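Think of it as A, B and C in the order they're written, each chain with its own count starting at 1.
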Amino acid sequence: MKRTVPFFITLLSGLFCLVAFFVPHPWIHDSYGAVQTWAIVVVGCTYVLGVANLLRINVRQAQRREGDWIYKIVLILGLLVTMAVGFSEGNHYSDVTSRFQWIYRTFYSPMTSTMFALLAFFIASAAFRAFRIRSPEAMLLAIAAFILMLGRVPLGNAISHYIPDAADWLMEIPQNAAKRGILIGAALGVMATGIRVILGLEKAYGGGGGEGGT
Amino acid sequence: MSDFLAGLRALDRRWIFLAVGLLVIAPLLFGFHIAPVVPSHRAKGFYDAIERLPEGSTVLLAGDYDPGTRAENYPMHLAAVRQLMRRNIKIIGVELYPAGVPLADDVLRIVGAEFGKKLGVDYVNLGYKVGNELVMSSMGTSIPKTFPVDSRGVPVSQIPVMRGIENFQQIDMIVSISAGYPGTKEWVQQVVSRFHVPMVAGVTAVSAPEYYPYLQAGQLQGLLGGMAGAAEYEVLVGKPALATRGMDAQSLAHVFIAFMIVLGNVAFLGLRKPAKG
Amino acid sequence: MLGVERGRAGVHLPAAVSFAICLCSLLFALPASAFPLKASDTPNDGGGSITLEWTASGPVAKEWILVRRERGGTFAPVTTIEGTVHSFRDGAVQTGVTYEYQLVAQPTNPQLDSEISAPTQAVASKFDWTKLNVLVVSGIFFLLLFFYIWQAQSGVRWTFRKIPGLDAIEEAIGRATEMGRGVLYVPGVQEIDDIQTIASMILLTKVARMTAKYETNLLVPTNSPGVYTVAEEVVKSAYADVGRADAYRSDQVRYITSEQFAYVAAVNGMMLRERPAANFLLGAFFAESLLLAETGHSVGAIQIAGTANVHQMPFFVVACDYTLIGEEYYAASALLSNDARLLGSLKASDTVKIFLIVVIVVGSLLLTFGQSWLADFFSTQ
């Protein structure tokens, strides 16, 4: 029962959504819109579970003084203080002078930007460590990479205007073609996976193993 | 020589990080200039599409990004609002990233003050709504019902710039500044394909190639890719700013990464076994 | 018969006069350039929309005011349209109600107004014909799927090419067990409704069963509460399936945060502290892919990545030991299961791919020779 009911729900809702894709009539489409809205509501409710899990694990680790427990306390305080400040300011939370905005500008915005900025460093170390030219194809890839890296910055155009033109050609023709091939394959993979899930051939995602286990 | 190669193979990656850091900081700190920015045809398409709009048109400005991609998206957002306000085009801002609302507020406020534009009369920020593509298709039915209040909580019925705006039929163009999902692709699929609203987009550099098919098909009239695209656009708008300054740093970083690829291969050349003979 | 005489040219005199009178009345009664306004139901929609098309001949107004009335009612303005436009879609009508339209010139000039359109109703379509091409390909896929499943149940077996990343999964978990270190499974950063995340949950079952069997520690940090609830159930069930329900710990699956870079920072921290011997990065990833992969490499973990996000594949290919690209990632669960019915779905998608390749080649050739019907059929609206 615990596994049968979810799979019937999956089958019926999957087939319904498939039909709704092709049928624009309000009898089908209005219900489809309602299903999508309810999906958002259900996902929204899971945030309560998520925050509860977050607090439970971190409070327990802080209580037991497990490794780096100080950071767990920072996390818990950050979560609770931000929520309290946001709720206390109501509709004015987005005002430039609000305390919520101060938290956003002082902590959240710089820290998020910093994490993204780390990519620049990691790309350089990955390029040194892992980009091995071991075959003719890898050599072609390296040449294309050099052209693109120069073509995308003003320096490339300063060296020769052919470099950005070559970079544009590489991106618009061979890159586009290869990417479309990958996307077609991936789209078929999506179809196959979706059909397997809808028809119940694949039950593992719902917490049921059953057939085909390792 | 073999000692040198062995040392290179064992290079602590923190030296690489230090080199990248110095190369990026130096042009920003000392202000030296490597090469002028030359706009691409994609950036020109973006600029020309907005230039073609008649004065008094209404544009939906979707700022779908957050501080993570601020370095790439914020300059193009700023430059787009500059061009729109210079042309006296009305702006309705929406965001599908909750953390993007303050960024959009900042951009509209800063540029609005430059051009003497009034909040509510010349522009408004409707704020964030959860739902991703559902929000877009809901706006196709009714924008006021999807966003009954703006980001300050003011009812849209009381906002002059929203007067007469019911759905996408009253929107003359969509300007999408996007970091990923939800963003430009969803606007094209949900809105451009169904309601045939002209659209231009500014996206992160890594995702720009994904939108080339849309540009080629005419679903996008212009495309800005990353900070380079933002710099090209700033030049066209006539106010080189954050992105243009960053291009010198990016130039050096790109050259360094190319050098790292070569150096990495040199280091591991020494590992190749000698030919039997 | 009526005493009518024919004129010299053989023309029937009263008829000629009648014709002349009619012609004069036409010329003077109607506006000089009244043009027809065609109103029709907008096709392939859920109703509530009427499409108007016109071609104004002669002088054209600077602007039109489109007016509309219900049958028997009075005209009321709908919108203003520029004089250079030739079509408009009125999306504010009620399905099943009859309307008439007219274009009224601005500035006012009755001679430039359009005719009143024929009465029209908006009708809800029962099928969106613009998606016929999708239905055809989907139908072919379904037929092939059932055919290959039937073949599989009849005992037919196929061979598929080896995917190194899949073979390495058990090897990676074995390595972690030998080293006494854990396994980290990152299911991507999208919500549970994303197909990549669903595929990740399917693979998580396989990985969790193996870690339960080998008594290896498994950590699953999630980026969404929806994914957390499903992942928790998946891991718990996987442990129970191999008879190791007692070994499951409730803190193995955690919700970290929905913020992309905060999640990455947390997962990187977990990698640096827990030092897993095997990392599985399977799902939808964006800018964080290289951050995760490089940090995983720095702690010496063997890394198997899989994603269908094309823009992140290069980072995984460079930084990870094994990468499942695009459809390999979706095929992974079927290949690992060795279930004939699941393999039948792989066979069906491969066959459809061959069909599409043929269509692309034939369509390109036809287009080269000026025949666009095949390309038009497969174009999306």
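FYI, contacts are C-beta pairs under 8 Å (C-beta built on N, C-alpha and C of every residue); 3 or more make two chains touch, one makes a residue touch a chain.
The structure displayed is predicted, hence computed values, not measured ones.
Listed by label, the chains touching chain B and chain C alike are A. No other pair of chains has as many C-beta pairs in contact as A-C. For this pair, chain B with chain C, the centres built from the Cα atoms lie 24 Å apart. With centres taken as mean Cα positions, chain B sits 18 Å from chain A. The centroid of the Cα atoms in chain A and the matching centroid in chain C are 18 Å apart. Counting partner chains per residue, chain B shows two or more touched chains at residues 13, 66, 68-69, 99, 209-210. In chain A, the residues that reach two or more other chains under the touch definition are 112, 115-116, 123, 125, 127, 129-131, 179.
Counting only residues that touch two or more partner chains, chain C has 259-261, 287, 310. Interface residues of chain C facing chain A in the complex, by the touch rule stated above, are 44-47, 95, 124-128, 131, 134-135, 138, 141-142, 145, 191-193, 195, 198-199, 201-202, 204-206, 209-210, 224-226, 228-230, 233-234, 236-238, 241, 251, 254-262, 264-265, 273, 287-288, 290-291, 293-294, 297, 308, 310, 313, 315, 318-319, 325-327, 329-331, 333-334, 336-339, 341-342, 345-346, 348-349, 352-353, 356.
Residues of chain B that touch chain A in their complex: 11, 13, 16-17, 19-21, 24, 34-38, 40, 66-71, 99, 101-102, 105, 109, 127, 130-131, 134, 151-153, 205, 209-210, 212-213, 216, 226, 228, 231, 247-248, 250-251, 253-258, 260-261, 263-265, 267-268. Of all residues in chain A, only 21-27, 29, 39, 42-43, 46-51, 53-54, 57, 60, 67-68, 111-112, 115-116, 118-119, 122-123, 125-127, 129-131, 179, 182-186, 188-197, 201-202, 204-209, 211-214 touch chain C in the complex they form. Contact residues on chain A toward chain B in their complex (touch as defined above): 33, 36-37, 40, 44, 91, 94-96, 101, 104-105, 108-110, 112-113, 115-117, 120-121, 123-125, 127-133, 142, 145-146, 149-150, 152-155, 157-158, 164, 168, 171-172, 175-176, 179-180.
Interface residues of chain B facing chain C in the complex, by the touch rule stated above, are 13, 66, 68-69, 99, 166-167, 169, 180-181, 193, 204, 206-207, 209-210.
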